[in-house]
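The structures considered in this document are given below.
The following pair of complexes shares a single chain, chain A, combined with chain B in the former and chain C in the latter.
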Partner chain A sequence: MAQRLPGVDVLLVGFGWTGAIMAQELTAAGHDVLAIERGSWRETSTDFAPSFIQDELRYRYHGHLFEQTAQETLTFRNTPDQTALPMRRLGSFLPGTGVGGSILHWNGQAFRFLPYDFEIRRQTAARYGEAMIPPDMTLQDWGVTYDELEPHYTRWEELCGISGQTGNLKGQKQAGGNPFEGPRSKPYPTPPMKQTYGPMLFGEAAASLKLHPFPCPSGNMSQAYTNPLGVSMAPCTYCGFCEKFGCGNYSKASAQTTILPVLMQRKNFTLRTECEVTRINLDGSGAHATGVTYVDAHGNEFEQPAELVIVCAYILHNVHLLMASGIGTRYDPATGQGTLGKNYCYQLTPSVDVFFDDKLLNPFVGAGALGMIVDDWNGDNFDHAGLGFIHGGYIGGYMTTGRPIETELLPEGTPKWGAKWKQAFVKNYLTSMSLSLMGSVMPNKANYLDLDPTYRDVYGRPLMRMTYDFKQNELKLQDFAMGKMVDIANAMKPREIKKSPRGPHYDIAPYQSTHNTGGAIMGVNRRESVVNRYLQHWDVPNLFVVGASAFPHNSGYNPTGTVSALALWAATAIRDQYLKHPGPLVQS
Partner chain B sequence: MTLGANTAAAREIKGGVDDPWLPHQADAPVPLENPGFAFFTPAEAAFVQSATERLIPEDDLGPGAKACGVALFIDHQLAGAYGRAGNWYMQGPWAKGEKTQGFQSRMTPADLYRAAIKAIDEHTMSAQGGKLFADLPVEAQDAMLSDLEGGKVDLGGADAKTFFQMLWQNTKEGMFSDPIYGGNKDMAGWKMLGFPGARYNYLDWVDRHGERYDQPPVGIRGRPAWNGAG
Partner chain C sequence: MRQRALLTLAASGALIGAGMLVFGPLAHGQIGDFSRQERGRELVAAGDCVACHTAPDGQPFAGNRPIGTPFGTIYSANITPDAETGIGAWNEEQFYRAMHEGVASDGRRLYPAFPYPWFTKATRGDVDDIRAYLRTLEPVRSAQRPNEFTWPLNHRIAMAGWNRLFFTPGEFKPDKNQSADWNRGAYLVEGLGHCGACHTPKDVFGADKTSQRYQGSEIQNWFAPNLTGDKRTGLGTWSDQDIVAFLKAGHNNRTTAYGPMAEVVKDSTSKMSDADLKAIAIYLKSLPAAPAEEPSAAQGTAMSAGKSIYGDQCSACHQLGGDGVKNMFPSLKGSAAVQSRQPLSVVRLILNGGHPASGPAIPNALSMPSFGWKLSDDQVAAVATYIRNAWGNQAEPVSAGDVKALRDSVQAVNSAY
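Here is the complex of A and B:
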């Protein structure tokens, strides 16, 4: 029997990046906030110390900062006619756990989505006609525009000190930046990172092809920076232990390096760690959340009443928690009815490896967001007529790491092991790099999340079931982008190149990206979406669901910038509108 | 703490009141101190030493897996949480699954190594004139490893492909992970590649395009010269 606790005003489920943003905004406005986090406290100086964080085995392969599948996982299948099986080991994506969440081990690649993304259906139909959108592509507008989100992108970039080269300042194009980006109200807070040899070669090759290379916007600091909360970060040392690792140098934007030092000083903030929320509770009407039930590490169950519940976990757990709580109508791909679990999307990440004879690239001098980008084939930045797909992705020439277990670029035809493998690995290790696509994924009626009929989690709840595969849009995009990557690779004048496409079927084992999106999507009406434009649940107005679960499609960019901008947008609406007059913020 | 004894497994931190940091919280790795095998039997150790040496052999580029202590590294991994699949979802029911559905073995890594090595040695004993894998000529060892890689050997309850993939992954880990875990002896794997190890600051090298990095590697516990090991 759950022990019932005294009620709180605002309750956050999960205390990663969006939880920290939400807690900072609401406590600063004077509200009492309680956050419940399943993992433990984490601190830069102790948990990511530069005396031991550079440990590829422990962090990359044994997943010291990642979620453990023994505790939480999902089942997976490519198509509805297959039997889903548990993801028994992490592979394709690496959700975090603990205070700070997944942003502790992100790369720092800090993009905004295009204005096009937020009105993708309307703009696609306007430019190409409705027939461009296949019947099985459940493409939707987001219900919010780039212009509405712009101040929140800017605030996020200032919180994090994002390093970059502005390409569009209030409609004026800026040399060296991304000419395709939406207009910015302010330049990046800090200048771009210095590029090492590999990205520089990529940039020169792209420019020779009349493309528009620019430095990747980076949450790895190009210089010392103090954010508007008064929290200071240090210059990145290009150590090469960034993505999949915590930063011991206070150089990578995270909850720990930007928000927590201030938030944890506020007496109206309380954090409960090592407690996992298992259910959101509703009253008899089903239209009002009364709080949550959670379980501590000993298995003791508590009922925590709250006036307002804000779900801030990783996207898959946001969706699973709604399903496990029976909130909303689950999506049925056969009928198209229901919304919860709909429009699950991922990312498409083929690459082309480039091998030189005469260029020492020193890949260990790296950072998670160190690289040059071309955005010429992203979004609707180019004419799609006759191509058979919509959207696109950016192509990057990154130099993130030379960690030797993971960094294995080998020419075509190299044996997979033995003496010839060893010779090829040694010969190419210092002189090769990879170009990659951050490819968009469009929603499809057969890609969705629901509950598994067979497998259960440690609390006895059904595991979430993921049904996902690359569809025609992705495969045609890949073919197109592969040709462009090969052109750039050849313009770098290497000895040889190797193409590494994905698919044709999505495989959950190899690491690809942690960019899962969708499942509890935002939108303009309750028939098509789970939450409204402020991330407020259509059915339960005192419940907000924050995170990439709200994305109706996945763009050709890393999602963290947009996750953060949406969190700040939602926090602003909660603070300025909802808490003054609780109730639905959008009438439906 | 406001919730009393029931919350002993959890923590409540009040902003501006409690310090979230706990003494002795630094979570340093546990070095391998025991140079002996903790999991493998002598016969199993002989198999792993000879098999991993075929995967990464000694040649004029540098030492192979055997001299780098890869078998000892794998042994200690299998004796610990990794060997027990301690962090993995291991609830049934079990099915082989599609190629895209990832690891689906009911065997933990420790179980898989134990069963596969036994089956491989039995196989070579009957097919190769009474010889264990470790005693075969290297050409026959390579052929056997290729057959395992291609799933062409019936290992009874163990899946040959799954075992080969695990052995190969663990071999690379033992060759190139920090020496603190028993492999990569004297950082020979890193030296061979030119990887500088656990260094944390390359600011003076960002602009030095195309130059060969000239500092020796360091591990989490320094470098061999610092520890008197040459």
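Here is the complex of A and C:
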């Protein structure tokens, strides 16, 4: 029997990045907030100190900061006619656990989505006709526009000190930036990072092909920065231990480096760690959340009443928690009915490796967001007529890391082990780099999340089941983009190149990106979406679901910027509208 | 470095048992006393009373913080207005006598770890205001633990002799030739602030070496830096504003408060008015430099080994040129603390790391990580020698033996609690 605790005003499920944003916005406005986090407390000086953080085995391969599958996992299949099996070791994506969540171990690639993304269905149909959208592509607009999100993107960039080169300031194109980006109200808070030789070669090659290279906007600091909360960040040292690691130098934007020092001093904020929420509780009407049930580290169960519940976990857990709580109607691919679990998307990341004889690229000097980008084939920045796919992705020439175990770029035909492997490794380590596509993924009626009929988690709840495969849109985009990447690679004049496409079927074993999206999507009506434009649940107005779970499709960019802007947008609506007049913010 | 400047008889076990048999009126302050209580609150902050009179995880001002001294461990007194276990039964006269003469309400002599040799400088009005504030606190029932002192110091009568030799009661006398700010600063530094308790070296009796006032001293395995005008090891190159910022936030563009000073900033100086901090700065800046010492040159091998270790382990934060990052990572280049006469603090920070003060002004708690687990005594000695002598710095080299002694000593203290 769960012990019933005294009620709270605002309860956050999960205390990663969106939880930190919500807590900061709402406590600053004077509201009492309780956050419940399944993992442990973490801070820079004790958990990621530079005296030990650069430990590839501990963090990358033993997954020290990641979700442990003994605690929670999912089952997977490519298509609905297969039987899903549980993931006993995560691979393709690595959700975080613990305070700070997944942003703790991001690379820092800090993009905004294009204005096109938020009105993708309307704009695609307007430019190419409805027939451009295949019947199995469950494409829809987001219910929010770029212009509405723009101030929140700006606030996010200021919170995190994002380093970058502005490309479009209030409609005026700026030299050296991304000419395709949506208009910004302000320039980036800090200048772009200093590029090393590899990205410079990429940029020169792209320019020679009349493309528009620009430096990747970066959550790794190009210089010391103090954010509007008064929290300071230090210049990046280009150590190359970003993705899959916490930053020991206070140089990478995260909850720990931007918000927590201020938030944790507030008397109206309470954090309960090592407590996992297992269920959101509803009253008899089914239209009002009464709070949550959670289990602490000793296995004791508690009922925590709350006036307002905001779900801020990783996207897979947001969706799973709604399903496990029986909130909303689960999506059925056979009928197209239901919304919960619909439009699960991912990211398409083929690459082309380039090998030089005469150029030392020194990959050990790196940073998660150190690279040059071209956006010429992203979104609707180019004419798709006759191509057979919509959207696209950016192509990047990054030097994110030269970490010795993980960095293994070897030419075609190299043996997998032995003396020849060693020779090839030594020969190519300093003289190779990789170009990659951050490819968009369009929603498809056969890609979705639901509950597994067989396997259960440690709390007895059915595991989340993922059904996902690359579809025609992705495969045609990949063919197109591979050609463009090969053109740029050849323009870099290497000794040789190696193409590494994905697919044709999605493989969940090798790491690709922790860019899962969808499943509890936002939209303009309750028939097509789980939450409204403010991320408020259509059926339960005192429940908000924040994170990339709200994305109706995934764009050709890393999602963190848009996750953050949406969280700030939702926090603003909760603070300025919902808490003043609780109830549905959009009438359906 | 092993030559220990003996501590002041740290911390007052002193108010023990005071007033046990006297039952006074209820403790809470009277309506209408607000301005006195508010002045008292500021003075209590200036005196940093809460630091010594609060046990780890204990109620503020309820005492029983264990304080290690070379003469044994003593426990601080409960100064909440609880009639039986605190000072609720003390009258104004008794309270003033404790502050002014180091004598408790029942006539027992207090140990000078309770800094009455400094507090004696406080005016009667200020002491009364302090009492007025303390009486507004919630009374906490918490009996003081007995001190663990060695003979003969377990006999309080010993303090009578000590007082005769080393203690002159008397309120602060302003110097008419100095500005009002200077006099205010002197009053705070010499009186309630009791800065000299840590920053002035002590003789074998635990009394100030008056010829070396504020020239820096070892305390609890830290080195409280030189506060005189010395350009290399003191405040000679600091501006008034540097001092104010440091006392206000625990950080400035040069350095960070660590160890016991981080607590002082958190509990005391961060709560003082800008005007008082400025006065302190003006007074400290007037302290003459100690005669220059010429350190012996660091040896080449230690310097080259230290430089390599510094590049690998330290430069990510403190930067290759030792400049640090403003408001984040202290500059080591030109740092008085780094070049101080004894390298205790430098070595201790390398071995154990340290937690700086944090607060609204600079919210990041930018702790220094520990390197004691990964660097040997030789390596710590080399890198400490390097930072004390690189970039124009100049200070005595550090030996592996120095490092080992401190490592053992700090471990012994840590394991005692």
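Note that in this section the second predicted complex is superposed on the first by the 588 of 588 C-alpha atoms of A that agree within 3 Å, B and C clash if a C-alpha of one lies under 4 Å from a C-alpha of the other, contacts with A are read in each partner's own complex, and residues count from 1 in each chain.
Operating definition for what follows: a contact is a pair of C-beta atoms (placed from the backbone, for glycine too) under 8 Å apart; a residue touches a chain by one contact, two chains touch by 3 or more.
Everything quoted here is computed from the prediction, not taken from an experiment.
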Room on chain A for both chain B and chain C (clash or fit): fit
Which superposed partner A:Thr237 touches (first chain B, second chain C, both, neither): both
Chain B versus chain C as contact partner of A:Gly402, first or second or both or neither: first
First, second, both or neither for A:Gly248, with chain B first and chain C second: both
Partner chain in contact with A:Asn300 - chain B first, chain C second, else both or neither: first
Partner chain in contact with A:Leu85 - chain B first, chain C second, else both or neither: first
First (chain B), second (chain C), both or neither touched by A:Pro261: second
Contacts of A:Ala224 with chain B and chain C, given as first, second, both or neither: second
Which of chain B and chain C A:Thr46 touches, first, second, both or neither: both
Chain A residues touched by each partner, larger count belonging to chain B or chain C: B
Shortest span in Å between Cα atoms of chain B and of chain C, once chain A is used as the common reference: 5
Footprint overlap on chain A, comparing chain B with chain C: 43, 46, 49-52, 235, 237, 239, 248-249, 265
Touching residues (chain side chain A, partner chain C) in the complex: 43-46, 49-52, 224, 226, 229-232, 234-235, 237, 239, 248-250, 261-262, 265
Interface residues, chain C side, partner chain A - complex: 313, 316-317, 325-329, 353, 355, 358-371, 374
Contact footprint of chain B on chain A as seen in their complex: 3, 5, 27, 40-41, 43, 46-47, 49-52, 54-58, 61-63, 68-70, 73, 76-78, 82-83, 85-89, 91, 99, 194, 196-197, 200, 235, 237-241, 248-249, 263-275, 296-298, 300, 302, 359-360, 362, 364-365, 402-405, 408, 416-419, 421-423, 425-426, 429-430, 454-456, 505-509
Residues on chain B engaged by chain A in the complex (per definition of touch): 3, 6-17, 20-22, 25-29, 54-57, 59, 61, 64, 82, 86-91, 93, 95, 97-104, 142, 145, 149, 168, 172-173, 176-178, 180-181, 189-190, 192-203, 205-207, 209-213, 220
